[in-house]
Each structure stands twice: as C-alpha cells, then as structure tokens.
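Once you scroll down, you'll see the structures, which are given as structure tokens.
Look at the two complexes coming up: chain A is in both, with chain B in one and chain C in the other.
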Partner chain A sequence: MKNIAHTRNPLSSDKERYRTKSRLSERGRAMFIFVCSVLLLAYLLAPITWLVSSSFQTEAEIVSVPPHWIPEEPTTKNFEAIFFQEQKEVTYESRKQVDPVSGGYIPSTAKNLLPALRNSFVVACLVVIFNLLVGVPAAYAMAKIRFLGRNSSVYFILTTRVIPDIALVVPFFLVIKNLGLLDNILSLVLTYLAVTVPFTVFILISYFESLPDELDKAARVDGCSRFRTMTHVYLPLALPSLVAVVLFTFLTSWNEFLLALMFTQTPASQTVPIIVASFTSDFTISFSFINAAGVVAIIPPIIIAIMFEKYIVSGLTVGAVKG
Partner chain B sequence: MARIRFDNVTKRYGNVVAVEGLDLEIRDKEFVVLLGPSGCGKTTTLNMIAGLEELTEGDIYFDDQIVNFMPPHKRDAAMVFQSYALYPHKSVYENIAFGLRMRRFDQTEIDRRVRDAAKRLEIEHLLKRRPSQLSGGQRQRVALGRAMVRQPAVFLMDEPLSNLDAVLRISMRAEIKQLHQSMKTTFVYVTHDQAEALTLADRIVVMNLGLVQQIGTADEIYEQPLNMFVASFLGSPPINYIEGRIEEVGDEVRFRRESIKLRFPPHMAKRLAGQNGREMVLGIRPEDVIENIPPVEGESLHGHVNFVLPVGSDQYLNMRAGGVELFFRVGKEVRHANDEDVALAININRLHVFDKETQTSLLYQD
Partner chain C sequence: MAPFLDYLIYQLSEAGTVAATVASTLSRRFNYDERSAYLFLMPVMAVLVLVAVFPIFYSLYLSFFDLKLTRPHRVPFVWFDNYLTLFADELFWGSVLRTVYFTLISVTAITVLGLLIALLLNETFRGRRFISAMLLVPWAIPYVANALMWKWIYDSGYGALNGALLQMGFIDKYMVWLGDADKTIPLIANAFIWKEVPLAAILLLVTLKSIPDDLYRAAKVDGATLMRRFIHITLPSLRPGFALVFIFETMIAIRHFDLFFILTEGGPADTSHVLAWEIYVETFRNLSFGTGAALAYIMAIVTFFLAYSIIRTVGKRL
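Moving on, here comes the complex of A and B:
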C-alpha cells in the first residue's frame, strides 16, 4: 500500500507536462505578437513623432546627433510664422542677416501656406462631394439595375484605373488649357474627379452588390422610386463604404502633387503639397519650418479620419435577411 | 379591388425562357398559389405582378388597366419576401411604417396602423428592436406587418414560410389564411411546398419550366391531374407510376402489365374504350388502398414487400409488383412484415391514366 501511495501516476505527469508545455508556448506566442506589435507601432509612429517633435525644434537642434525626440528648447516660432507672420518681403539681403545654423529663419513663400491650405481644403471637399454625387448613383445603377452594357460599363470604369497618372497629364493639360482653367482650382477638381470617381464607383459597386437584392425590391414595392430606394435604404446601409470613399478621395486630393504642379502656377490656386515643396527651393532649407508645415498639413486629414472613425464599422446588414 | 389578368405573358432572360405564354386570371379577393419546383417561373410571375420584372411579351392587367410599364411604387401591391428583406438599419416600428411614410401618410394614421398590425401579429413588445435582434418567426411577422399596414389591393408572398421550422410554419400558415379572410384582398402566394398550396389556396397554378401545367382548386389538382408532372408534384409519398397498356376484353377495359391486371370502372372505361393495346402509364396514389376488404381479382395488386416503414399513424410499404417498385400507405390494423407476399385492394375509382408519350392524362385532358 505504501509503495502504491508513493508511485506517481504516469498519465497525470504526462498531462502536467503537456499543460506546462502548452502554457509556455501560449506565453511565447503572446510575447511574439506583443513584440511584433510594438515594432510595427514604432515603425508607423516614428516618422509622425519626429515630424511633430522637430517642428518644435530649432534648426540647430534638428540636426544634432543623436537626435532629440523630445525638444530641449521647444519653440513655436514656426507655427507663429505660419499663422501670425507679418507680411514682409523676404529678400536675399534680409535673409543673409539670419544665421542658418542656429535657425530662426522663415522661407520666403511661408505666407502662401494658409491660402494653400484653404485651396487644398476646398478642392478636397469639392472632390469628395462630386464623387459622392456621381459615384453613388452610378454604383447603385451598376450593382442593382440590369441594363444593356452594364458589364462593359463596369469593365470600362475599371480599366481607366490602370492608366498611370503621368500618361494622363498631357491630355488633361490640353483639356484644361482649352477650358481656360489653368491656374484655377477647378482644374484640380475636374482632374481629381477623373482619377477618383472610377475608384469610388468600384468600391461602392462591391458594397452595394453585397447588400441583398430583396432590400431593393422591398423598398420599391413599399413605395420608393429608384432614387428613394438608393437614398432611404442603400445609403444608410452603405455608410462604412461611403466613409472609405470620403477618406480615399479626400486624401487623394489632399496629397496629389503631379497634376497640381502642372495646372497651378500662383498661390491663388496652389495646394499644400506644391507650397510645401516650394520651401525646399528657397534660399536656404529650413527643416523645422517644413516639418511644422507638415504638421499643419496632416491635421485636416486626421480630423476627418477621427470624425468618421465611428462609422467605419461593418455588420450593419446583420438581420437584413434570414438568419 | 384587384383582378389580375395575364394575357399571353412571356419573360425571357437572354435565351432563357422564364415564363412562356402565361394566360391567367386571378379574381378579386382570391387566394391563388403559384406552385412548382425551383426555376419553374413562379417567382418571376410574382415579380411581374409587383412590377419588379419587365415583360418580354404580353400584357398584365390590374382590373382593366394595363400595368406593363407601371413602376412598382405606383402599383397598389405589397410583398412579403422569402428572406423577409427587413431594413436592418430601421427599428421594427420604422420597418412597418416605411411603406406608409413613403406614401406620405399622416403620422397619427401611421402610428395607428403600425400599432394595430403589431397587436394583431403579437409583436407590440418588439417595436423598438432592430431586425437583427429578432428570431426568424418574429422577423416573418414584421415582414407580414409591413405588408399589412399598407392595406394593399394585392398581397404578394414569395415563399414566406420556407425559412421557418416545421411547427412555426404550420401555425403561420393558419395565420396567413386568417389574414386573407380578414383583409378581404387578393393574395398571390408562391411556394414549392405542396402542403402550403393545398391548405391555403382557393386555386393553385402548377408551373414547370416556365409553363402553366394546370390551374384549379386543390381538389381538382390533386384528384384530376392533367399530366404526370402535376400528379407526381402533389402527394407525399409521390404517386406510383406503372407502365403498361390498355387491354379491352369484351365490355371490360383493363390495365395490363405482366401479372398486374386492373379493371377500369365504367366512367373511365368509357373514355379509354377503343384504344386496345395503347401504351399508357397507370398512376396509383400511395393512399388509394382499400383496407379491411378482401382483394378481388381485377381490383387488387399482388406483390412482395421489400420493407415496411412505420410512420406513427400509418405504415409505408415498399413492394415489388409486376417488375416495378411501388410505395403504399396503409393503416396499422394489419401489421405487415418485410419479405412477405401481400395482396392490396386498390381503389380503382381513383386510378390515373396517362399517355406514355405525351405524359398527359387520358381521363381529364380534353
């Protein structure tokens, strides 16, 4: 009896070993995921952190080695220059008086940044609005209405997306020139629409197609015309994809450089990317000012993303049909 | 009031014919069931009434008005879908009220009708919920409510019960029947379930491959099928078919296949007379066995029982006679066993006779 009492059950020790092993492997897996997440987060946030940090640094601090992630002598000079600068003429002579090593100078085109922000915002908003006005009905029609040439229309729209923008510049330029819209923000609105509408239609077609046809039928029998079916039933359900469209078109317009460079010549129509790029071709490059401009430039897209974040959810269609 | 008339209506999708040459008149306040297998054109027909499908040929009339090009929202029809098609972003109340809102009803009237319908369908407590928070049966009630509140001239239902479990389906069937009686409006109901068709319909339209096979009351369709498709589509277990030929011996007209000899009663014999030797298919429904009487020559089938399936109230016999397998439903007074020889008295007054080639009835087809 004594012997038996002291004998360990081999089965239970196996179980224990297995449990310990699986616990360890679970911990290891969790640790691996955690490390990967931290690395990914660092990779994503480092440039933005540096952008924000350096915008509060002097030119001398920005180039210090090792770099200061937290400014030792934070300055808001760059932001003051953007928002409250005096409209004084910057010349080679006046610039010479500023020491480029210690910083503290402002690019000659700095005063153009606020008008450029306004231009970018107006262009992006118009592009978003027209994208929705054109894209939603087009996508609804292609997703839910059977008509002759429906498939060819979808393919045609999609093929326009495989043409690189650079190939479109010359034709666009000729059209814009003939319309007399050079150096006018409308030229940007028109060309950005040509670039973004196909993508908008593509996103929305996929989404509308995923919504059950019976909803369309039910709404029409319930008394909706095609248009009201779209506005009363499909639009509320398509909110997540509409948000995707808004973000995509806004950001595309906000960031676009090539077409803006071609069609705009004066600050009256130039957008943020063009003006920020112009800071590098000044007498001397001010990295801290460029980064401050960068911070200002990313604020509107961030606000838009935060505003719509709560709509970026799926699962609205749960319960629409049997289940 | 709504009388619906199809005048030679055809619907094609490219080269595929969904409905061909449909002539049908649905009377005011009638409950018509379109019955048939998948792809027979019944839902297409319903969609054409609703205005959701355009006609390729022919005309549809609501009363005396052609409605071929009238959009769905201008037709006074409400529809219940197989998948319920509730608006997921709206509450139950708003789902039911939607049709009224689109027709710009007064808010007080909307509220009154929604609450009336909800009370009748016993979903008052669910009015604030979203469709995703409801069970299948509750969703079905909401879909019914959405159609009811409109008080439409035509009530269209596309397999509304097919997603419910068997018990709920039977109770909902009764409710739909009651709804028809109380609403006093025209109902067109699509189903592939013969039991639903037989229990609900004033008239059944049996369809197959885009063609109407037979139109009639439940009894007419069941008792006097015009072709083999109709006969086999209705009835569970399905009708037994035995190929053979007509044999005339003196005044008697008989069916003959190997050892099977069945005498036709006089009213059938009259129709089949003069066709001695004609190839035909005999139809015997599984339940057309007369029990408790001794089998008589010419009115009975002798065969060998392959197996017996007890089904609670009855027992099903799978037997072999005349070289074919047959299925019969018999009571439990006589217990049958596997591998025994049996003789079953057949109710010869309920035999069905079809032409072997055309598959049409030799008794009821003009």
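Moving on, here comes the complex of A and C:
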C-alpha cells in the first residue's frame, strides 16, 4: 500500500508517508485507549453489577452453580421486605414456616433498615451543619486575617487531621459512657466531628485563599464588620467549596462504620452500615437479601458521587494536597 | 474514672474564669482584626480540643492503668506494664507483621494501578468524562457495602469468583478463598485496593496535569521516544504525587478495620489478625481498656510519624 502511494504521487511522498503513519498510529492509539477503558470500566463496575444482579435473585436462583449472572426470574422480594413488610413477631415456629425454596431466609430485622436510613440521614445532616458552623469562620480567619498564631493554628488543625479514628475509640467510649450518651445519635454527631472538621477547614482555607484580598479591603473600607465581610462578601463566592464540604461531610458520616459500631446498640440509634453489617454475620440470612441491603446502602452515595463529580474531584485534590 | 472527671470539670471551670480574665486583657492588647480572628477560631478550636486533643491525651493517661471493665472499681496505676506486656506478646508482633504485609501489598498495588488509570485519563478521548464519573463509584460507597460485596464474590459455595474461574476453565472445582490462610490477606487487600484506587488515580492525575506541555514538546523535538519521555519527564515530575499517595494510603491501610471485621473477623486462626483488629478485640471483647488504649497509642504515634513526613514532603506548599 505504501509503495503504491509512493509511485502514484512521488512529489508529496514524504508528507504522504508521514500522514499514513500518523493516521495508523492514531487508530492504534484509539484502539488501545478503547481496550484500556473497557478493562477499567469492567474492573470498576463488575463487582457492583454482580451485587445488584444477585439482589434481584430468589433464594433458589442465588445458590445455582455456576451462578446466573443475569437473574432469570427477577424478584423484588428482598426490597419489599426492607420497605413494605409488616413487622412480624418472630417465634421459633414462624421462623420455621419460611420456605427456603420460595425465597425465604429474609430476617425479621429487615425492617430495621428504615429507621437506620433515617438515623444515617439525621446524623449526616447534623454533622454537615456543625461543620459549616465551626469551619467557615475559622477558615475565613486563617485565610484572610493576619494575626499572631495564624501559622500555628493551621498546623494544629493539620495535626488533628491525621489522628486515626481507631485511636480515639477507647477514650471516646469511656467519655460517652460517662455522659450517658451510649446508644444515642448525638454521640455519633459529636465523634464524627473529629473525623470531618479538619478536612472541612482545609478545603475552605484553600478556597478562601484563592479569592482576592482586595474584596476584603473594599468591604472593610465601606465599613463592613469582619463578620459581615465573611457572610456577605466571601460566602456567596465560596459556594463551590461549600458544596464540596457538604458532600464530603455527608458521605463520610453516611459511610462511617467503626465509631457507629462502638457507640450504638439498638435500632434506635444504629446507622445503615451497622444494620447491613449485622446481616452479614448471620448465616441464616440469604445472600440475596444481604445484597439488597447493600444496594440500599450504596444508592445515595453513588448518586451523590455521579451528580457532583466535579466538586468532589476538586475537593479531594485540594484536601489531600493541603492536608 | 468518676473522680477524674470531677477533677476535670473543676479544672475546666477554673479555666473558664482564667479565660474571661485573659479575654479582657486581650481586648486591650490586640486590635480589632486580631480579636475577630480569635473569636472566629474559637468554635473550631473548642470542638477540636474536645473531640481530638483531649481524647488523645486521655488515651495516653488510660494506657498507664490496668483498666478492665470486668472490674471497674479497682484500677491500679501500672506505669508501662501495658506496653511491656504487649511487647512480650507474640500475637502483638504477629499482628504488626500482618499489618505491614497488608499495607505493603495494598499500597504498592494502589500506586501502580492508580498510575495506569491516571495515565489513561490524562489522554483526551470520547467517553473520558463518563469514565472519570464511574471512577468515583468505588470511592463513594461505604466500606461495609464493599465488604459484603467481596464476601459474596469470594463465597466458597456460590460466589462469583469461583463461578467465573470455573466457567473460564481456570479451576475444575470450587475452591475455598477467604478460609485459605495463604490467601486471606491478599484477598482482603484486593477489596481494599478496589476501593482505594480511585483516590490514588485522582491525586496522580492532578499531578500529571500540572506537568507543563513544553517539557514534552522539547523532548519530542530532541527525538526522545515515548518510553524515554515517560521515564525522564513523567516519572520524576510525578514524585510529589507518589509521595502523597504513598503516605496517604499507608495511613489508611495501617488503621483499616471495616473489611477485617466483616470478611474474616481476624480469622481463620488469626491469619488476618491485624493491629486494628487487635485493638478491637482487646478493648471490646476482652474489655481490657488499658491495653486497648496502649495499642491505640502505638497506632497514633506511628501515624504521627507518617504525618510528619507528609508535612516535610508536601506541607511546603501550604
């Protein structure tokens, strides 16, 4: 092919050869990128797809060997059990009535997931509110006001950012027990502040720093107090970083497991991860039901992540680089 | 513990009086800007002292006591006995080794996979936006969901791993996965890697994007091949990104608890008994809070050293 092209147009042979080559390598590059993308997507999504697929299978189908990758007779029974099932008294007899072949093995505690969703939501919202309340003024002060001890405050917050949550569990437990807050969602709100506030402050500081100082001076000359400058001049401009903070704090609280495991004991305060985890340790529960519970737990974070992808990526990079 | 708390509350109220005096002095010493800055910082400092500084020192204090919830009324002060008992304990050193093993394979795989993904997403092609949105999916889901998902995939009776390998002809009968002592930690690490790779990829991608195009153009003009450009420009420029990923993921890996709790509970026969699991067992199963606090303190100190290296390597950009 190349030789024919040469003979047909000897004048532009060099150019032609270059172009053919680059077109070929262009196609090779596109193919290569396509293959890599497919592999990457498969790696990222295959486990989740399998989780979702098996959550729609009946007990009879989920124990087939080899597994049915796509449910042949999809059922929404697992999800119905979580959202609509009447609370039944479990006795030894009623437990035995469950017919394993027709898709039983659904725990009587299935209904606990509803209050858990509410608890998770309330805790996450409260943590978000507290984060904004304490984080915004602090970040504004550290980014825009020159004062004695500014650097050491930044370093102090940097240090608290790296305290591992598991190192806080023992002292937290004793304090919360003494305060009588065990099995109360307030204990979760309080302790989640330790794992969220430093990160919040870092995202906000770097964003406030990127806003021009002149705004600050202009507002001050016009007679705004520091507080008014913050709320009326900088806050509207800092909206993207506030969104990032809300998302991160919400996701962290929604997903948190260790602290919730320590401080909650009954469905009155248990969050989604705890209820879901409690299903996994019970061998009488069908995996199709456990997977349905897992699906319920991952839907809100996935929606948030995909809807606000841009904010999250920028927040992650800023938060990591600074902290 | 109650007398200690009473003492603490007394001290706090004393501190309140002192603070009021200090505040009135401050208003004379500092100008308006400084005063408002301190006022703005007050809430965050109060919260952090309450939920981070106080607990970490309280835990140091507790680690010097033989505090067992099984006998709450006799709490002898034992100096460093909790630490010495730990250092003489084979299970402790075993858990340290297993934590190191888990961390090493996880962090290595996360860095390599993260780099490959970042290199892919650094190219411009159709569907790149879609892939970067999907990249966030593993990052966003709770660890508990991640754990149950892999527990089901690894299931020895009906799991997807067995099914897929059998259908593709790699194995001729179903195998035990998590229950096999040699495979336990690598398999848990695999679940951990799947969840942590997106963060690494994003951090490395940002570093890649910050490399000036001129460098590549100049190298191209000088006739450097793709491989040479990668080795001499990309890799050295990625150093801060690598440092960040390495330190970050190490810090997350050594303290990781959730997967061990749901997938194996430290088993089979202690093969996945890592440091975080040891803290949980000592504290909440053996109810020996003194030892738990000592263990947690060791963990905190190790993390602090890692954090110090963060400040040294990337903190300069602050």
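Operating definition for what follows: the second predicted complex is superposed on the first by the 266 of 323 C-alpha atoms of A that agree within 3 Å, B and C clash if a C-alpha of one lies under 4 Å from a C-alpha of the other, contacts with A are read in each partner's own complex, and residues count from 1 in each chain.
Throughout what follows, a residue touches a chain if its C-beta (ideal position, glycine included) is under 8 Å from a C-beta of that chain, and two chains touch if they have at least 3 such contacts.
Small disclaimer: the values here were computed from a predicted structure and weren't measured.
Of the two partner chains, chain C is the only one touched by A:175; chain B is not. When both complexes are overlaid on chain A, the residue A:159 reaches chain C alone and has no touch with chain B.
Legend: residue contacts after superposition of the two complexes on their common chain; A:301 is shown touching chain C, with no touch to chain B. In the overlay built on the shared chain, the residue A:221 is in contact with chain B alone; chain C does not reach it. In the superposition on chain A, A:237 makes contact with chain B only, not with chain C. More chain A residues lie in contact with C than with the other chain of the pair chain B and chain C.
When the two structures are aligned on the shared chain, A:212 is found in touch with chain B, with no touch to chain C. In the superposition on chain A, A:114 makes contact with neither chain B nor chain C. Once both structures are placed on chain A, chain A residues 225, 316-317, 320-322 are touched by chain B and, in the other complex, by chain C.
Chain A makes touch with chain C in their complex at residues 30, 33-34, 36-37, 40-41, 43-45, 47-48, 50-51, 54, 62-67, 130, 133-135, 137-138, 140-142, 145-148, 150, 153-175, 178, 190-191, 193-194, 197-198, 201, 225-227, 230, 251, 254-255, 257-258, 261-262, 272-273, 276-277, 279-281, 287, 290-291, 293-294, 297-298, 301-302, 304-306, 309, 312-313, 316-317, 320-322. Considering their complex, residues 47, 50-52, 71-73, 75, 77-79, 81-89, 98-99, 102-103, 130-134, 136, 139, 146, 150, 156, 163 of chain B touch chain A. Partner chain B is touched in their complex by these residues of chain A: 212, 214-215, 217-225, 228, 232-233, 236-237, 316-323. Those residues of chain C that touch chain A in the shared complex are 1-2, 5, 30, 32-34, 36-41, 43-45, 47-48, 51-56, 58-59, 62, 117, 120, 123, 125, 127, 131-145, 147-153, 155, 157-160, 162-163, 166-167, 174, 194, 198-199, 202-203, 206, 244, 248, 251, 255, 257-258, 261-262, 276, 279-280, 283-284, 289, 292-293, 296-297, 299-300, 303-304, 306-307, 310-311, 314-315, 317-318.
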